[in-house]
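Presented sequentially are two complexes of subunit A, the first with subunit B as partner and the second with subunit C.
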Partner chain A sequence: MKFTAKRSRLAEVSTLVGQAVAGKSTKRVYECIRLTASDQGLEIAGTDLELAARYSLTDEIQVKEAGEVVVPAQIFTGVLREIGDETVSLSSSQRKLTLETDGGKFELECEDPEQFPEIPVFPSESTCRMAAADLRALVRKTVFAAGKEAARFVLNGVRVSIEGEALRFVACDGRRLSTLCRPIELSGESAGGERVALVGLKGLQHFDRLAAEVDGAVDLAIADRFVALRTKGAEAVVRVLDGSFPNHHEIIPDEVALEATIPVGRLQSCLRQVAPFTTLESQAVVLTFSSGELRFSAGGGEGRADIRLGIDFEGDEVRIGFNPGFMLDALKNVDGESIRFGFNNSRAAARITDDAGMLYVIMPLIVE
Partner chain B sequence: MSAPGPLFLHSCCPRPCRAIRAGSVGPRRIMEGPVIEKNRLKDPLASGARIRVLDPHVANKIAAGEVVERPASVVKELVENALDAHAQHVEVYLEEGGRRLIRVVDDGWGMGAQDLERTFLAHATSKLADVEDLESIATLGFRGEALASIGSIAQARIVSREADSDSGHVVENRGGKLLPVRSAGAAPGTDVSVRNLFFNTPARQKFLRTVRTEFGHVEDLLRRFALAFPEVGFRLTHNGTETLHAPPASDRRERLGALFGKALGDAVLRVDLETGEGKVEAYLAPPSITRPNARDLRFFVNGRFVRDKILHRLVRDVYRDTLHGGRYPVVFLFFDLDPTRIDVNVHPQKTEIRWRDARFLHAAVGPALRRALRNADLATRSAHELDGAGPGATPHTEGIRSAMADFFHRAAQGDDRLGEPGASRFGGPSGSGSGSGSGADRGASDAETGAFDQNPSDGLRPLRIAQFHNSWLVVETESGLAIVDQHALHERMNYDRILKRLTEGGVDSQRLLVPEEVELSAQDQALLVDHQDLLRRCGIEWSPFGPGSIAVEALPAVLPRAKAAELVHDIAGLLRARGGDADIDPRVLFHDVADTMACKASVRFGDRLNDAEARALLEESGALDASFVCPHGRPTVWRIAGTELEKRFGRR
Partner chain C sequence: MDAFYASVEQRDHPELRGRPVIVGGPKDARGVVSAASYEARVFGVHSAMPLRNAARLCPDGAFVRVRMKQYAEVSRQVFAVFARYSPLVEPLSIDEAFLDMTGCERLFGGPVEAARGLRADIRAEVGLTASVGVAPNKFVAKIASDLEKPDGLVVAPREGLEEFLAPLPVSRMWGVGPRGAEALKRVGISTFAELAQASSRTLRAAFGSSAERLQDLARGRDARAIVTARGPKSIGHETTFSQNIRDRDELFAVLVALADQVAARVRRHGLKARTIQLKLRYAPFQTVTRRVTLDSPTCGSAPLIDASRALLDRHLRRGAEIRLLGVSVSGFSAQATLFAGSERECPEVDSAVDQIRAKFGTAALRRGSVVKR
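Up next is the complex of A and B:
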């Protein structure tokens, strides 16, 4: 194998693929990426057995001799990022990869390509096509609400489903939930019939990175065992999680008795002002709604904060407590100038909706 | 297998059972043997009636089985008599652990010839006149059984002289054979000698333990008396060697020092309480002084040593957030109560009492002791510890250290008889620290570092902080160096805060969008129903969810990563451990729950802390009143003064 490539592009792509690879594994080959040079260009592939990624580089590369090599991802990408030269030439012989630049030479011990796990390919029939920006919005506006180390394993994933001509993401960590729908173009046989999958965060974040690379559309396939994404030049396949996600329709309040429109910036500012006054044993920021006014209060033994914000609200005084972190998480990911905040009482779920159709459900804190 | 026939056979055993054979020599034979044999040999009706009144000698021997179990029981009866006679000095001489000789000499009122004549008769007492007196017993003895019992199983001799009389008298009882009273020369007071205990009941003799053990029981007994009566001098001599000497003391602290070492005497915190039921005088040792067993939880009610489960639990609850599981504090409680409020006539040995109304203990005594303990500073100081081990060690501290080393060596081998002579001879607290190899060092330090500091700590003013092995913070302070156990300190802080919130109304509760199903037995569910208020305060909301499971609808906000099942099972476990008693003082449960929650909410041993986090932890900890012992009683901070370092390096 022998080729020359633009150093920066090669570094970018191998870093991207390298992110799919296990950081530490008992088998060294699982810490590697595979470079395959052919007449079509260079393909870089990697997997941690849950997520597989492949990227094809066709321009900015000159293949002189076809071949295949499996190199440790961290060293390879680390070297590429650090060297200053514009172009690099790589060649391999036996189990050794030589990387040459004007300034010097690196030799990397490689692994046996036979041992490298199989990288699944994107199914020939895609399920749907959608704007890359829409996919990114789905990821950004939901993933933050998924469980990080939730007691219930299924809550660590995001429920991805096709509902008619739309793709819905739902994430919930047991205390709050975020969901968003985006239009899709169904293709092939997949029309009709709901498809649902539970996808881990690492896979979705990888999808997001791939989608960030392109402007146009991306293809998505939802199969029984995996979900796959194809962009121009790249593919990623992620294995779905087993388990049944809670029924989000039951969780989301259909109607709210009280609703207020609140400017996002002001709301964030107020929460940030009072949040430092919460303590381990008194974690709530209490929102008190009254006609034309919203009060924020927090604190316990170590001081108290109490501030007011004029808002558009009519009704009797109502108090409801929240973990301010849960509210700020949502506000970081909403679009538009203001959100609508709706709730029923101090014990039931409240909801935040934004201009982009995001629906965020948050359970209150009961304050004694 | 001949004469007695099948009656002597154990149902599952073809040969005469050991227990029955052994028992047949002792009291059992007196009661059953002859009667049974007679019945089998003769027609029962031929001799008239089967039931006979035992002759007094036999009856006394039977009673002796209840009253006199071992030499210590004899000493107890005799010392009680001495104290009831207002003795100022009581001297006890033993030979061979009391088997050969028990002699108790006092300088009390003494007895005249008439009294001496009656003294060995059953139910002869000077302490009760009629049944009304039983309602308000103020003397130690009262049943009038002791001397009669002792006389029937040993060779007893009493020499006594009344203070205002010119001469004394002597009376002897040789295993039930009473000799006439003679006059004899004597000092004022009474001198009782009991020789050859159980000489006529060989079975009893067989049940006696080693000389060491029997002597240990006597010594422990005398300590109890010495604690209860600080104004009385006590001396114990065994085989000619004086092993305990407590001269009359002006107060209990002095007496504690004489019995357990001056260090403990100085370290204990005295708390005086005045309740509607009477007075309580409490001596609490700092939590750094602990014991592996409950031996030094000593309770006295109206001068009488008692074992009482209620008091035992009360004291453990007082210390519950400052002690390791499995370790016991050192506490002496002296109650001075109206005699009608307790019943002491529960057991012949009189070590049990019944409370007419024990509520005041939980309502007044427990909380007051807890407060007092909390208000005292519990910081662990290193200065003395270094003293003890370092170049400055004096022969005295070295002596204690080697005694401790010896003790812990034995303790590690399972020989855990704290009251045994060798263990306490040095006067220091005899069992502290753990039973591990490092126990020797800890034991020595406990004696000196455990003292309560009356000045509340000014906290730590950290200058520079380094984290060591992701577990300890090494802190440069203005006066030296401090080493902090990060988990223990954080746990302590969280415990205090959570406990405060639990007490004041409850912790914030995070409602769940998706209720979590938890499998829980019907019994445990019933426990949760009984303690609904506790669960609400803990921030747990739940509802039944089919047979054997519940749906958890809210969890405490302090535990964002709590697993519902684990938390609910932990709490059900705590309730079960408390016997599922619905009436239990909720404050006790708050401690339990705060303990569980604080542990889960705290940084762990091994968690990396950045500088800001470490600093925040240290600065916040300074504000808390008892932040220097974690809820399990482990120290959180070890302070090393700069001067100590200089000493260590020979610069001072």
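Up next is the complex of A and C:
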């Protein structure tokens, strides 16, 4: 194998694929990426056996001799990032990859390509096409609400489903939930009905990185055992998680008795001002809604904060307490100048909706 | 309150008055002394001492069982009196509290008058004696209250606190136990005055970061505020067996009863807990604690019992003899959850059981697994 490539692009792509690879593994081959050079260009592939990624480089590369090597991802990408040259030349013989620049030479010990795990291909059945920006919005506006504790495993994933002509993501950690829907175009042999998969965060974050590389559309497939993404030049396949996601339809409040439109920036600022006053014993920031005004209060034995914000609200005074972190998480990921905040009473789920169609459901902290 | 549990016993049982009373259980029982009357203390009996040692020191003492419900009721009466004297009451234990008297001068004519009134009211209404310390801060007040027990009133001077404390032995210091006192003695310190004057370098070498705080306290400096209505940090129950238990079924039955009691108390406080801790003491006095944290906080008996059982099942060594078993919960949170908690949670059942037990006593209703076969 022998080729020259633009150093910066090769570094970018290797890093991207390298993120799918296990950082530390009992077998060295699992810490590697595979480079395959052919007359079509260079393909870089990697997997941690949960997530597999492959990326094809066709521009900015000259293949002089076809071939295949399996190199340790960390060293390879590390070297490529650090050297300053415009172009690099790579060649392999036996189990050795030589990387030559103007200033020097690096030799990497490689693994046996026969031992490299199989990289699954993008399936033809059940695919849909959507805007890359929409996929990115789905990831950004939901994954933050997913569970982070190992105890309730299914909540550590995001529920991904095709509902008619739309793709829906739902993430929930048991105390808050975030969901968003984006339009899709069905293609392939997509049968009718809902297709559902539970996908881990690492896979979705990888999808997001691949989608960030393109402007146009991406293809997504939901198969029985895995979910796959294809962009111009790249593919990623992630194994789905076992287990059934709890019924989220039941917990999303259909109707709210009280609703207020609140500017995002002001709301964030108020929450950040009072949040430091919450304590282990009084964890809540209490929101008190009254006509034309929203009060934020927090604190206990070690100090108190109490601030007011003029808002558009009509109704009797009503109080509801929240973990301020759960509110701020959502506000970081909303779009538009203001959000709509709706709720029924101080003990039931409240909801935040934004201009981009995001629905965030948050359970209160019960305050007397 | 002075020798609180023992004094309640003497109040309720006139035949015990003037006699050494040891609260904790029969003299041949396992377990420890919960309280000793002043008559018993003369013999060297003190709380936390094994009952058998107490029996050796004071063979003619009256050994009585703990009647926690009664003490809690008397405590409630005492705290009701406290509440009349100050809106800022920081409970320290079942029979001790700090009262912030700032701004109450016009009501009672100064803190000393208030202290006299308080003591008289407790004696008249509850029939027990209380010792009071009056001081500009919590630390000195606590020390002053201990100085002339029982039935004492000690007023620390607002000016010259350091001189007031100077002659006292460091063992009087709150938080300095026998070990701490010994460590201080090793660096040549046995009184407050010596501690106050010790070089900070010597102290830091012996006590690290807490040296400065110790020295401040020795000089009577303490800026801590009165903290009212502090919620519990943990709720637990434990039991020492009269005979070591080896039988697994029997251990699990005790565990279920303990976890059930803990759950009921969590509900009574209107709390939900996430962390469950199991405490096991093996026969050779080796104590282990093991804990688990649930997905979402709960106050249900069933999920708390499940979690406790799972802990015991995982951590109980085969064939080991157990001397003490305990369950406690912590990590209280008022965070509501999206899903109806664990499927094992049956709030209606728990609430019905709580009501029945409140009316007919805790023994009125028991779990099947607790009933001896």
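Here, the second predicted complex is superposed on the first by the 363 of 368 C-alpha atoms of A that agree within 3 Å, B and C clash if a C-alpha of one lies under 4 Å from a C-alpha of the other, contacts with A are read in each partner's own complex, and residues count from 1 in each chain.
In the analysis below, contacts are C-beta pairs under 8 Å (C-beta built on N, C-alpha and C of every residue); 3 or more make two chains touch, one makes a residue touch a chain.
Here the structure is a predicted model, which means the values were calculated and not measured.
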Clash-or-fit label for the pair subunit B, subunit C on subunit A: clash
Touching partner for A:R152 - first (subunit B), second (subunit C), both, neither: both
First (subunit B), second (subunit C), both or neither touched by A:N323: both
Most subunit A residues touched (candidates subunit B, subunit C): B
Touching partner for A:C172 - first (subunit B), second (subunit C), both, neither: both
Partner chain(s) touched by A:A349 [first = subunit B, second = subunit C, both, neither]: both
Contacts of A:A284 with subunit B and subunit C, given as first, second, both or neither: both
First (subunit B), second (subunit C), both or neither touched by A:V367: both
Identified clashing stretch of subunit B versus subunit C [332-340, 404-412, 422-430 or 602-610]: 332-340
Doubly contacted residues of subunit A, that is, touched by subunit B and again by subunit C: 149, 151-152, 172, 174-177, 246, 251, 281, 283-284, 301, 321, 323, 347, 349, 361, 363-367
Subunit A residues within the subunit B interface of the complex: 149, 151-152, 155, 172, 174-177, 246, 251, 279-284, 300-301, 321, 323, 347, 349, 361, 363-368
Contacting residues of subunit A [partner subunit C, same complex]: 149, 151-152, 172, 174-177, 246, 251, 281, 283-284, 301, 321, 323, 347, 349, 361, 363-367
Touch list for subunit B against partner subunit A, complex: 494, 497-498, 500-501, 504-514, 516, 537, 539, 541, 554, 557-558, 561-565, 601
For the subunit C and subunit A complex, residues of the former touching the latter: 225, 227-228, 230-231, 293-296, 333-339
